[in-house]
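Here the structure is laid out as C-alpha cells; the discussion comes afterwards.
As written, the chain order gives the labels A, B, C, D and E, with residue 1 at the start of each chain.
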C-alpha cells in the first residue's frame, strides 16, 4: 500500500495524464461529473456522488457507430474507430463499479458490443472508498462494501488529507508502477480504521436495512400484477432523469444524422420512461406511464436478476433518490412492496 | 465547393423572403440589375410570419453564417398582420441569441417592399459585409455539419 | 396541515370531490411526492411542508380527463400556472376544486447540502408555521440553518402571496422576496458577448437531455413535443454537441415565451442545476420592456404578448441598438 | 464477429451492417413488395434459419426489423416481403433494383424446424403480411419434405389482391405432394371463386384434427381469434407457435425496447410457443 | 412514392445563359437524389419548352418538376398549368429563380453557376417533399364595392353596372364627384369640368344597379376574393334622405355660416348644414355636428323649423351596413400635400400664396370669388402672377415626394393660358425644373401657352417667396438657362403642390390586406402586366390610388379595373388557394394559440375522437376552414407542437431548403 498527500494529487493526475486519458470527477457550474482531466479543470474528489454515474466512460451518452456515404446508388460504410488507448477513470465508488459489472452482463454477453468491450478493455479503474456515505446510499443492500471497493484495478482511500493507494490487479500494478515515484509506502492501519468508520456509518444509514425479500428472478408474476404500482407512478413526470443518472440503465436508441458529408449513425442513451420508447408504426406495447414505470423497476429487480444469476440491476447509489424531480425512486418502490408484504398480489 | 484555407471567407447566408413584398423586391433588384453577393440564397415563404425560429436555428446548425428575414413593411402585410407577429417573434429570438452570446450581426430583419429593389440589394450588400466581418459562425452550429 | 387534511376529508366525504391532489410524505423528511388521494386512509400520508415545492397544476391536465372533481392544493405561484392552463384549454376549471395554500417559501435540499451539511437524517421546522431556523439531524451530528438560506432560488424573487385563482384559501402566506427578479438576467446581460457565450456554453454543457425541465413545466404541456416528433426533423436525443442543448433550451424557452409564469420548476428539477430560469426570465424581461408589463397566468383574458402586436412595436434591430 | 473489411484490425460490431444490393423487386399486392437482396459480391448476406429476422435500413431514413421470408434452403439470396406502413417502408418501396441498403442479422430465434417440429404434422395459419415469416418455414419444410408429416396451409387476406406470394402458392405449394392449401379472403370479390370469410372462421369450418402443430402468424386480432379457435378445437398451448412484433432498435437484446418480462423479443423471439407467451407479462 | 424528379433549366435566351453555365447546372443537378431527368432549353416558357416538360413528365413518369428559370412570380403558373396538362399535379412543380436571383445580379460565371446549382438543389429538396394539392372552390358574390366616389370610382361603378352587376359606391364626403368636381376647366381641351362630370354623377345616381353610400366609410373588411364581407359606416347625416327634397332652405336659413368650406379649400365658409356644392349628389345636406349650434349648445333648431319636409333628424345615429361583395375596387384618389415643409414659399404667411387647387376654386364661377381672379388678401386683381412648379414633387431631400406628380405641368399651362386669355394684362411667370408633356395634344397645349399666350417660362427654382409690407410678394429664384439670380415682384404666387394618395388609404389598405408602397400608393400585382390589380386577389385599383394620373388616364384605368372586376364577377366559382394550413389532430393541444393569430378567423375548435397507439379519447382540436385560410402561416409558428403546418410550405419542406442551401 502506498499513499500520496492530497496536495500532490495534481502532480499525480498530470503524471497519469501524460500517457493516458484520465477521467475524474470535475466540478463545472456547481455540479460534479466525470470529465477528462486537464490543467484547467476543477477536480472535485470530495463530493461523494457525481451527478451522472461513471458509466459514460464505458457507455457514453452519445457515440457514433459508423458513417455511411452515398454516391448515386452506392453506399460506402465506415465503422467508427474503437477505443484503442488505455484510459484511467479515477474516483469511482463501489456502487459505480458494480454498475459497470451490471453493464458487463449486457454488453459483454454474446453478441458482444465491441464499442463497449474496447472501452472496457482499455479502461483502468481507480476506485475510491466512500469517506462519508450519505442518507440516500443503500449499496449495502446489494452486498457492496462502500469502505472497500474491491472490484477495481486500484483502490484508494482519502484519510486525513492523504490518499492511500492499493493496486488490486495487474492493470492496477502497472498503473501504480508508472506513478510510483510520486507515491510513498504506507501501512494499512489508517485505512483499516477508515474502513471501520465508513462501515459504522453505513450501518446507521436509513436505507441500509432495506429488504429485497420477494424480489428477484422468480417474482415476475407476483410483482407485475400487483396493484401497488397503481399507487406509485402517478407523480412520475416521464422524464429520463433517473435513467440518465443511473449507473445501470443501459437502454439506448440508434439514430441517423444526415450531414453534407454523409449519414452518421449514432447511439445515444434512451429512457424506458419516455412515452415514445416503445412506440412503433403499428402500435405501442406500453402505452401508459404505469406500464413504463413498472417496466423500469421490474427490469432492475426482477427481469435482470432472472437473466443474470440473481444479480440486481440496482447498486444502491441513491442518485435517483436525490435527483428525481418528483421524489420518486427505487427505494420507495421497494418499501411500498415491503409494506404490502407481497401478500396482496 | 469547400473553402480552402487561403481563400477569403465567404459566408453562407439564408434569406427568408415573403412572397408578396420582399421576394418581389428581390425580383425588382434582379430586373434592375442591382447586384448583391452570391452568398445570399433566398427561400420564398408566403409571409414573414411563416418563418419559424426552428428554421433559423436549423440554418445555423447546418452551417449558415447569417440569417436574414425580409417581409412587407409593418402595416403592408399581404395578410394584414403577419409581419407584426414576425416582428415580435424575431425580436424575441434575436434577443435570446444575443443573450446567449451569438453575435447579433448574424441575424437581421428588414422590411422590403415590392417596390424597393434598391433597398433589397443594399440590404443584402450590407448584411453580407457585416457577416463577413464577423467571420465564420462558430458559436451556433453543429460540429457534425462543419468542415 | 391538519386543516388541509380536514378540508380534504370533508370534501371527499360530502362528494364535492372524488380525489385529492396533494403531496404524500416521503421516506426522508425532504422528499414528499405529488400524489393523488382517494380515501381518508390515503390521506394519512398527506403532507404539506417546506419541501412541497412541486407545482401540482400540470397534474390537473390528466385529472381533468377523469370523472368527477379533483381537489387540488395550489400555492400562490402555482395558481398562475393553473390560470394559464385554463386559458389554453388544457385543464377544466369545472373539474377542479382549488384550495389555495399558504406558503412561506419552499425549501431546496441542495441549498442545505451546499452549506456542507451531509448525511441528513431529518429536517425539522419545515411546517408553514414553523420557526425561522431549521434543525437538521445528520449522521455527522446536528446542524441548523436559517429557513431563508435553504429556500429555492425562485422564492427569493417571489411574485407575491396572492392566489390568482382559488375556491378557498387556507393558511397565511409570507413575503419571501428579498431579491430583484431580473437581477440575475441583468448580470448576464452586463457581460460581454464572449462572456455570455462562455457562461451559457458552460451551463448548457451540463445538460443531459433528461427532459425533466420540459416534463415538469406547466407551459410545456404539448401532447407531442417537437423534440419528440419529426415535424421539424427535430427529434434528436443526442447531447452530442453544444448546439443540441442551445437548440433545445432556446426553442423551449421560445415556445413558452409569453406563457411561462416563471414558476421556477425547470430550475428546481434540473439534475445538473442549470439555471434554466435565466432563459425564461430573459424573455419575460424583454416582453415587459418592449411590449409592456405582462404576467402570464395573472389574467385569463389577456392576450399573450406573442399573439399580439401593436403598429409601433420595437423593431428586431433593437437587439443591436441596445448594444 | 468478423474482421471489418473497411477498417482492418477492427472487430466489426454486430450493430454495423453489411451493404446489400436489391437484385429484384416483386410487387405482391398494392402495398406489399418483396425485395431480393444480395451481398455486394453477389452471394448471400448470411445464413439464417426459418423465422429469423434482419434489420434492414435505408441510411438517413431509419432501420427496421423484418422477417426473412426466403427459406434457408435458397442458396442464392434472401428475400424480405415488406408492407408499406411508415416512413421506412415508404422509402423502401421507392427503391429500385440496383439500389443499395444496409442489412444486419440474422437476429432472433427461429421456428424449431430441426428439433420440436421435426416429424410433426404442420398446420400453417397466416393472415396478410403474416405469411412472410411462415413462407420461410413452408419452403424449408417442402425442401426437406421427408422430415415432416402432413402440411396444411390456411392463408387469408383482406382481398384477393392482398394475398402475398400468390404465384408461389398456386404454382408450388398447391402442387406439392401431401400439402393442402386453403385460401380465403375477407369479403366477396368479383373474379374470386374461392372461400370467403375471416381466417378464424374458416379455421373452425375446416376443423383440423389436433394431431398437428400450428404455426400462426398475422395481425394481432387474427392471432387472438385463431388461438381461441385452436383452443376450442382442442389444441394445447404446446402445440401452437406464433411470433411477436415489438419495437426494436438493436436486434441483439441490449437496447431495452423489446423487453417483456425476462425476454427480449429480438433475441429470445420472435418465435414463441404459446405456453411461453402465456408466461410473459401482459405487455405485448 | 418513389421520387422521379425532372429538372428543366432555362437559358432565357441569353438572360440566364450569358452568366450561368446552364449545361453545368444540368449536369450537377442530374446527380441529385431522385432526379431522373435533366435538360436545358432556350426558352422553357415557350410552347416548345413547355412541350419538353410535358413530354418528360409523361415519358419518365415524373413525380416532381423543378424549373430553373425566372422568378416564380413570373411563370410558376405557366409551368404548373403545363404540368397539369401533362397529368402531373400542378403543385408538384417548384421554381428555382436563377434569373432575378442569379444571372441578372451576378457577373462571375463560376459564382453564378454555383449559386444556380444550390438554388436548384433547394428546389429539388423541396419538391421531393411536395404533396399533390387540389384547389378547393369558393363562391362568388355577384356584387362589387367601389371605395371612393370620384371620377375613377364613378366610372368603374358605371362600367360594372353596365355589365349587369350590382355595385355600391362608398364615398366619405357628403357627395360623389371627388377632386374633379373641384376643378374649373380641364386640360388639354379646356372644357368645363362640371359640365363633363355632372352627367356622370347623375348617371351613377340614376343607375338602378348602383347604390351610393355617401358620407360613409368602410369600417371593416373580412373574407377573401369572391366573398368579402364589408361593414360600411353610414355616418349620421342628421337629415332623412328619404324625406329631404333638396330645396336648400335649411342651408340658407342656417344661422351658423362659419364653417370653412372643404370644397373651396377653406377659402370661404359654409353653413353648418350644407351640401358641398350645388350639383352635389345626392342633393341632400349634411349637418356638420362640429359646427352646428344645435349640437354644440342644444339651442337653435332653425333648420328643423324651416324644413317643410320634416327631414331634419338630430337624433340620427351612425348606421352600420353589412354587405357581401365579390370584388372591391379602390378609388380613393388623392389630395395635395401639406406644405409645412416648404416654409420658404410663405404659404402660411401670405393668403396670396395659394395652391393650384385653390386657384381652381378661385377661377371657378361657383368658387369663393365667383370666378374673378383676385388676391385673397385684398380682393384686388393681380398684375403679376408667379407659378412655382414641383413643390414637393421630384424631391430628393426627403422634404417632399420623390415622384413626379405628373399633372402639374399641364394644369399650370392651363392656368397660365386661362389667365392670360381672360386677363391679358396679367403677367404670368412659371418657374419649372422640366416641363413634361407626354400625352395626346399635351405638348401642343403647352406650346400654345408659351407661343400664343406668351407665358414666361423660366427654367429654374424659386428659393424664397417674401411677403412685403406693401402686400406684394417678392420671388427669389434662379434662371438656370441664363444662369442668374432672379428677384421679381408678384401679386400672387401659385404653388404646384405635389399630390399624394388620400391619407385614408393606409387604413383601407390594411383592412383589405392590399399592399402599399412607400409613397402610400397601392401596389399593383405587376407594374406592367397587371397594373389595375392589387396583389391581393379580388382587390382592384382605379385612378390615382395606384399612382399619379390625369383625368383621361384615370378614366381609362377605371374602365380597366371595372373589366377586371367584371371578369371576376362573371365567374360562378373560384378555385381557392390549396396552400392552406392543416392541423395534425394527433399533436394538437387545442390551446387556441393559433386561432389568436389567424387574421381570417379560419381556425375553429372541435371535439374530435383521436385514435392512435394506446390513445382513444375525445380532444379539443383545431380545425382549419380551408376556404377562409389564405395560407400566411402565422398559425404554424404560433403552434408550439408543430401540429399546424402549411401545405406547399411545410415545415419539412422549408427545412429541406435550408439544409440544401447550407449543405
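Descriptive notes on the structure:
The rule is short, and it goes like this: a residue touches a chain if its C-beta (ideal position, glycine included) is under 8 Å from a C-beta of that chain, and two chains touch if they have at least 3 such contacts.
Everything numeric here is computed off the predicted structure, so don't read it as measured data.
Traced through touching neighbours, the fewest hops from subunit A to subunit B number 1. Seen from the Cα centre of subunit B, the chain whose own Cα centre is farthest off is D.
Most remote chain with respect to subunit A, judged by CA-atom centres, is E. A simple rule picks the central chain: find each chain's mean C-alpha point, then take the one closest to the mean of all protein C-alpha atoms, which gives B. With B-E and B-C as the two chain pairs, more C-beta contacts join B-E. With centres taken as mean Cα positions, subunit E sits 52 Å from subunit C. A separation of 30 Å divides the Cα centre of subunit A from that of subunit C. The mean-CA centres of subunit D and subunit E are about 68 angstrom from one another, to the nearest whole unit. In subunit E, the residues that reach two or more other chains under the touch definition are 597, 638, 651, 655, 659, 663.
Among all residues of subunit B, those that touch two or more other chains are 52-54, 58, 75, 81, 85, 89, 144-145. Counting only residues that touch two or more partner chains, subunit C has 226, 232, 240, 306-308.
Within the complex formed with subunit C, the residues of subunit B that make contact are 52-54, 57-58, 60-61, 74-75, 81, 84-85, 87-105, 107-109, 139-144.
Of all residues in subunit C, only 65, 88-90, 221-226, 229, 231-233, 255-256, 303-304, 306-308 touch subunit E in the complex they form.
Subunit A meets subunit D in the complex at residues 65-66, 68, 70, 73-75, 77-79, 81-82, 106-107, 111-115, 217, 220-221, 224, 250-254, 256, 258, 263, 265, 267, 270, 272, 277-282, 284-286, 291, 295, 298-299, 302-303, 306-307.
The touching residues of subunit A, counted against subunit E in their complex, run 70, 72, 258, 260, 279-280, 282-284, 287-288. Chain contact summary for the complex, subunit E toward subunit B: residues 71-74, 97, 99-102, 104-108, 111-112, 114-115, 118-119, 122, 506, 509-511, 513, 515-518, 523, 535-536, 579, 597, 599, 630-634, 636-638, 646, 649, 651, 654-655, 657-659, 661-663.
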